[in-house]
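There are two complexes below, and they share subunit A, which is joined by subunit B in the first and by subunit C in the second.
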Partner chain A sequence: MAGARRYRTAYLFLAPAVLVMLAVVLYPFIYNVAISFSNMSLYHLRDPQFIGLAHYKTIFLETEIWGIFGKTILWTAINVVSHLTLGIGLALLLNQEVRGRAWFRALLILPWAMPQYITALTWKGMFNYEYGAVNLLLKAVHLPAVPWLSNETWAFIAPIIANVWLGFPFMMVVALGALQSIPKEMYEAAQLDGANWWYQFRRITLPMLKPVLGPAAVLGTIWTFNNLNVIWLVTNQGEPADKTHILVTYVYKAAFHYYRYGYAAAFSIVIFLILLSFVVYYMRIQKEEV
Partner chain B sequence: MAGVRLSGVTKRYGAGITVLDNIDLEVHDREFMVLVGPSGCGKSTVLRVLSGLEPVDAGEIRIGDRVVNDLAPRDRDIAMVFQSYALYPHLTVFENIAFGLRVRKTPKQELARLVGEAAEVLSLSDKLEKLPRHLSGGERQRVALGRAIVRKPQVFLFDEPLSNLDAKLRVQMRAEISALHKRLQITTIYVTHDQVEAMTMGERITVLNGGHIQQTDEPLTLYNTPANRFVAEFIGSPPMNLMSLTKKDGVFQYAGHPLPFTGNTGAAEPSLDTVLAGIRPEHVDVAEGGGGLPAQVVLVEPMGGETIVYLALEDGTRLVAKIDGMRRFTLGETLMVTFDHQQIHWFDPRTERRISL
Partner chain C sequence: MRTYLLPLVLLVLVASCGEGTEKIPEVVIWEFMDPKERVILEESIEAFQATNPGFVVKHTNYPPEQLRTQFLTAAMAGGGPDLVFGPADNAGPFSVAGVIQPIEKLFDNQYLAGFEPLAFDTLDGHIWTLPSQVGNHLCLIYNRALVDEVPGTLREMLDQAETLTVDEDGDGRPDTYGLVFDSKEPFWLVPFLGAYGGRVMNANSEPTLDTQAMVNALAMMKNIRVDRGLMPPGTDIQLAETLFKEGKAAYTINGYWSWGGYLDAGLDFGVTSIPIHDETGLWPAPFVSSRGYSVNANLKGAKLERALETLRYLVSPAVQIRTAHELYVIPSSIEAVKDPAIQSDMRIKAAWEQLRHGKRMPVVPEMRAIWDAMRPAYQNVINGEMTPQEAAKAMQADAIKKIREMKG
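Entry: the complex of A and B
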């Protein structure tokens, strides 16, 4: 009781934040779970009925879903790996004593500082078959134009390029911060021991980046997995013929173009569970390492 | 085994800053040489050019009979212990010590044996599987030593290795490093800003200031015959008293008083009008009466075996005296100060070099 009184002021200060969190996170989540068991749609907007796990069954029986799931994994993996390699690579370069380092750094952070949808739409324009900058450039070096947005494969590659562009600065900034916190003497000691650049990179730099880049990569994975904007905008809502969807764009379309609210809610729960198991898995690995 | 010789070594950073100016330094094979000087005088830079981490602008560096100016750090066969220890936080003690051996692709069994030996010498055998963050300061220090000795290099470099330890541990590690050197007999250059460390550890000491070598000598020689004012003031604690004397009527006087020397004063007349007289605190004698310079007691620091007495002369000049601990002093008391002439160090006030009177 004494404890409750002691913390009363603290709870009072926390209350507004807690209330807002309940209103914008917990309530929608519970509501979402509820309608995932109902047949709510445009026909049953006012009179949804409980239909149990029917939507979940549909989701797992739809063969198309597995393709989309695979594409989501591919999309996430390619993006995160590219973000990490590009980010670390550029951070290594920026960590050198180069002239105009501050300028390069500012320039390289720019893609990240832009609003995502502006960048996405700009890339969409650049991928235009006839007038887009990318094809004009290809033509200038006598390469054939690429049907960026009309061919199923290219239309998947295009948003990946756009999202790699959008995502590497974050990893670069994180990696650069981590690099700068590695004491110079560690490399000097290694140098005296005879370690070359590659050896130092593998045995010192990478392991010392890991505690910082690990969590950043997990965040990046979640963001990318759930990245609606880029695919949605660059491929113009999953064109051609809904062949370029990842899970979230598929759900978004189901909910807001086809008004299949119950179905989309169930689908969202599935996505949530996938990410949750990923995070739990990561945390377990991390705990083992410590 | 190898000696080290720097000849005319100069190091500049950028155009303006000369950090090492024409350094000549010879360290004999198996010698323990201490490099001492105030912060920023270029001690670390000497080690860095020696190890090859920094190139020199002029001069020659020899290790053994090889000129190593153009050799990469790894080919100089040198091991360095950094002030920060530079341990790899993600590697165990074993892997930290083994790092250099792994780089050199030492066979597995050989590697385990060498690391085991080094750990044994440094009493780290039961810590091999721990990470650096789970070690105490002294243990980390030992791991850093282990990493250096495991490779059996030609030369050891130490850059202020004890400055992160508490006073008690420092005294203990001081002895351990000295013992380690006796046992391994590897040429060592040990950098410190602490003159006590220098005096207690060095077989010879080199005093560095402002990128210039001031003096290289054995500890007692350095203490008893400092080559210049800087060395005189830097070595010894509390530092040497310095008084500026002016010649009057053919005798050097202090503020109008002929200096109250005891013992032989029959020295040759110098050609100078003023001199600097340096008197170590233990050579300042005080008495309650009699002749001498009157001085007031302003601070007393009893240390037990001896007492440090801070005195103010009539014109305000401070003198420090180290007196036997049995005597008691009261603040404000006036004492008569005398000096033993035999124990005075004379310096030319313009060149600040040692002269004899």
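Entry: the complex of A and C
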């Protein structure tokens, strides 16, 4: 009680933010959970009925969903690994004393600075079979044109390429910041002990990057797992033949094309639980390492 | 300092309560219009406001999907715009959700008699959209520089298109294509389905996709794209329009919305009906629908009256005639249709002719499931991953599943 009185001013300052958070985060979340147990759809917008776990059962019993789940894992893994590899690689290069370093840095951050929507549509145009820049380049080096957006496999690779291009600058900026905070003395001491570049990278650079890149990788995983824009826009809503969906694009279609609000709400909860499990698992590993 | 602050605040409060700052209630329109159509809307609004000083009309443009979702969400919550403009099939989800009002309850019969009867789409016995244009359908468009005369039958036209598909530089890819259209959207499959006597759903809104007519139509699409190679792989609307605009395609199938772009590109083109099918003796039957305004169900009293007054102006013959002149759309107003300039426009006349062969597009919400069931199977046939028979079966099964899921 005394504590409450003591921190009254602090609570008062916090109150508006807490109220806003309750209104824009907690309330929609609880509402989402509630409608996930109902048959709310276009036909039952005004009279939704409680149907228990029916939507959850449907989600786990639909064989199609498991294929989409697999694709989501693949999409996330390829993207995050590529973002990390490219990001760290470029950060290592930019951390060297090279001429025009500031220019390179600005140039490489450019993909990140562009609106995702514009980038995705630009890439879609570049993957056009007849007039796309990618096929024109392939043609210039006497390679056959690739049906980027009409073949199932290529249509999945196309948004991955676009998203790798979009995502590496974030990891690069994070890695560069971390690299610059590593004391130079550590490398000098290692060099005196005869450590080669690879040994220094494994024993100094990577361990020092880990505290920063770990959370960035977790964030990257969540963002990529839930990245609707790129795959939705590049593949034109899951084309060809609805074969390039990941979980979020599938749930978006269920909600806003078919107005299956209850089902989509249940699906969102499942996606939330998947990501929550991932974060909890990551935090546990972190704790064990500490 | 405080002694000066209090009177200042009071002054601001009093001033803001004054008559001079009383806000005129706005009439808000959400629309899905092409940029050129939007310019006409804006100028019409300006003209309306000039002659009706008590009115302020605002409009916001949305892409089609967002328009549906946003309007549904807003209107369900008791808000949303006063009027919503879009294709007539918006009426399906909007009327089922109860977010728009029946038009026949807002306007008397005498007023509605001034519109072409075929411009009205009905659902559950009600008119949900006051049409400002009719048609919104596909026609056959040809490049006069490449096509001297359009053959009389479909088979002859395809044969001609094949001779016009030419690889001039011998790199294995044609430099001129015979017939290009969106090979990804089933909207373009529908005319050919009609040429075999097929429909996508019956009168009870049940899918009728697994039919011999569908198999034949899909086989024809495969013949056009793959066997004859009249268009490049993966041709979508953008590619089809680009090829046609650049004079690299003899024929295209597209709607009035594309004609302005062809004119801007300096193309000399003609518009005609897709020729009759040699074997069935049936005309290809594109979907025909109207576009117009629906009225928010939340509107009442004076606010409703203001919205209806605005609406009367926006669908008036004068506005429709201007729109028809500039965009080649077919007006819904009988008076506008009789306008001599419209009667003498060869392209609009050709679109009328095609419209006569068309079939009304159902406006029920189930159409969403039908389209989405047709699309993947259709694309699979084009990509060679399914036979037409397999695709027809898959479409039917998927449509039934999707409709069942939609209905919950």
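Heads up, the rule we're going with is that the second predicted complex is superposed on the first by the 290 of 290 C-alpha atoms of A that agree within 3 Å, B and C clash if a C-alpha of one lies under 4 Å from a C-alpha of the other, contacts with A are read in each partner's own complex, and residues count from 1 in each chain.
As a working rule, a contact is a pair of C-beta atoms (placed from the backbone, for glycine too) under 8 Å apart; a residue touches a chain by one contact, two chains touch by 3 or more.
The structure presented is a predicted model; accordingly, all values stated were derived computationally and were not measured.
Once chain A of one complex is fitted onto chain A of the other, the partner contacts of A:P183 are limited to subunit B, with no touch recorded for subunit C.
With both structures placed on the common chain, the touch criterion links A:Y199 to subunit B but leaves subunit C unconnected.
Looking at the shared chain after the overlay, A:W123 reaches neither subunit B nor subunit C.
In the superposition on chain A, A:D242 makes contact with subunit C only, while subunit B stays out of contact range.
Applying the stated contact rule after C-alpha superposition, one finds that A:F156 touches neither subunit B nor subunit C. Ranking subunit B and subunit C by residues of subunit A touched puts C first.
Under the contact criterion defined above, no residue of subunit A touches both subunit B in one complex and subunit C in the other. Contacts from subunit A toward subunit B in the complex involve residues 183, 185-186, 188-195, 199, 203-204, 207-208, 210. The part of subunit C that touches subunit A in the complex is made up of residues 65, 69, 72, 76, 93, 96-98, 173, 184, 232-236, 238-239, 242-243, 365, 368-369, 372, 375-377, 379-380, 382-383, 385, 402, 405-408.
Residue ranges of subunit B in contact with subunit A, taken from their complex: 51-53, 73-74, 78-80, 82, 84, 86, 88-91, 99-100, 103-104, 147, 151.
Residues of subunit A touching subunit C in their complex: 39-46, 125, 128-131, 145, 147-151, 236, 239-243, 256-260, 262-263.
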